[in-house]
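The first chain written gets the first letter, and so on, giving A, B and C; residue counts start at 1 in each chain.
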């Protein structure tokens, strides 16, 4: 901020800068605001205006004026707080999340065949494992690394977590149905 | 509005609806706001909240709450008026260029006469269609291809988009006045 | 109505002048002269010969349905001469219009052809010109109608605050039944236990395309998962995938995925291109090998 005390910004300037911040898609720097408003408005006055806008929105529960650095200079933007997210989400239909078949198969293989490497999953499913699926399963807290396998390339071994057990309502991995005995019979029909 | 007097909306609700209006890309209906906020909030209360938000911004020189009809129901949006245009343009001179008469006439023919081919536009205007105009109209998201016409040369058929409707504040194409009504002998005698 | 005397046209002309746009009479050009520098700027405003012609007719408040072709043609040609003298590049459309006007004019000078049957009125040579002028006038009015509407980015601006940082995706619910079914499917496919049981499978891509289309006739959309048949193994997956891609390429069907790794929905294309925007890029996996 400037050394000189800036004069008190007039109400019209505060409202103009507020409207410009709201109407711009990008965060604005003091320089850009200066170009918009015109050269006769000093940077110090614009900064004082931003201070006033920040103060105005400070009491607002859901919107605030934030500043961050972009290309080495501070830029300003009005942003909605995280508390708004669930409300916005609520009107977004068709997003009822579900695991895709690919994700379910990957998770099943990890659950039943752990420790299992990515290569083994690919071999079993016949398709490349999309890294996004592993990321999703990891972020969801269901899959974790069990270390690396002592084989060429030292591939990572994957397994399930306690969170996986509790989310799927099972006490231990032993509770997962044992298909292997029946699998042989199924083979005959294939 | 409801017959029953709505109770005074709490400050938190006002700020929430304000934040939702600002954080959504689309204008919002009372119904959508209801879905966002939760079923226990009555439409009457949401309408009272919108009234309060409108009143809050009424004194603002550049921002106002506006309502228009979209798909047959009123929707609400916080917008800035034309007064901010020169300021926004100052920082981005290429922003929303003025529409030439040629562009407007071409757009009007596409809007009223869709699906229409380039050849039909040229016949109606008596001059060749400048490709730059179609490029501009397409880039602004107003005009799109509707496929090719099953006639010699298989010319492309053009039509307007939802974005066109929303940018021009048109509820639906049915809302456009009958093209034939524009024939005017009468309003020549000024 | 077909033969209008020149005098009559002259009279209309003079009559019309005082009424144009309510401008003071002395400022109205009674002939065509306007200063050359003004003309250059002024001519640029015309969108073409129809526009210029319409202007000439409207400026002098002539009934478009009764255009005094002789008079208008002269005036139009004078404009063209002016444009030429000022080295304004004359578009072919203007010359074409001049030729058309001259043709109409010459046909108007001829006595109406004696008609064999009296039932039909003789075709007015001006009829087509009038129709095109009226159509163009409607277009200019429609354009003005559009321009008058409050427009985004001109008369109003969207306001937005940046939505909250990356809306957290709602957690995917745990689905034990689905998990077990997936494992069962994998086992039944045989790919988990056995390497390859390559057999000449009686699976045809064409056949599968037909089946998918049949399924989409019964209902407008269906889940990709419903199309795959676990019992067909990897070959079945491959055949079905190729069939779907082929149908997509021919735009017989389309598909969408609401969210990454979400279920893929197939739907039939209804002739509109409306849905094309919803189409996502490739699926989340591609067959390897096979």
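By our rule, a residue touches a chain if its C-beta (ideal position, glycine included) is under 8 Å from a C-beta of that chain, and two chains touch if they have at least 3 such contacts.
Since the model is a prediction, treat every value here as computed from it, not as a measurement.
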Select the chain at the greatest separation from subunit B, using centres from the mean of Cα atoms.
-> A
So which chain ends up in the middle if you average the CA atoms?
-> B
Centre-of-Cα separation between subunit B and subunit A, whole angstrom = 32
In whole angstrom, the CA-centroid distance of subunit B from subunit C equals 18
Just give me the whole-number Å value for how far the CA centre of subunit A lies from that of subunit C.
-> 39
Where subunit A touches two or more other chains at once, by residue number | 19, 22-23, 63, 78, 80-81, 84, 88
At which residue positions does subunit C touch at least two other chains?
-> 157-164
Mind listing the subunit C positions that touch subunit B in their complex?
-> 19-22, 45, 47-51, 58, 61, 63-65, 91, 93, 97, 132, 134-147, 149-164, 273
Residues of subunit A touching subunit C in the complex = 19, 22-23, 25, 27, 63, 77-85, 88-89, 94-95, 97-105, 107-109, 111-112, 122, 124-128, 130, 132-133, 136, 140, 142, 167-170, 176-177, 179, 183-184, 186-187, 189-190
Can you name the residues of subunit A that touch subunit B in the complex?
-> 12, 15-16, 18-20, 22-24, 32, 35-38, 60-63, 78, 80-81, 84, 87-88, 90-91
Across the complex, what residues on subunit C touch subunit A?
-> 157-165, 167-176, 178-194, 197, 224-225, 228, 231, 233-234, 237, 258-264, 284-290
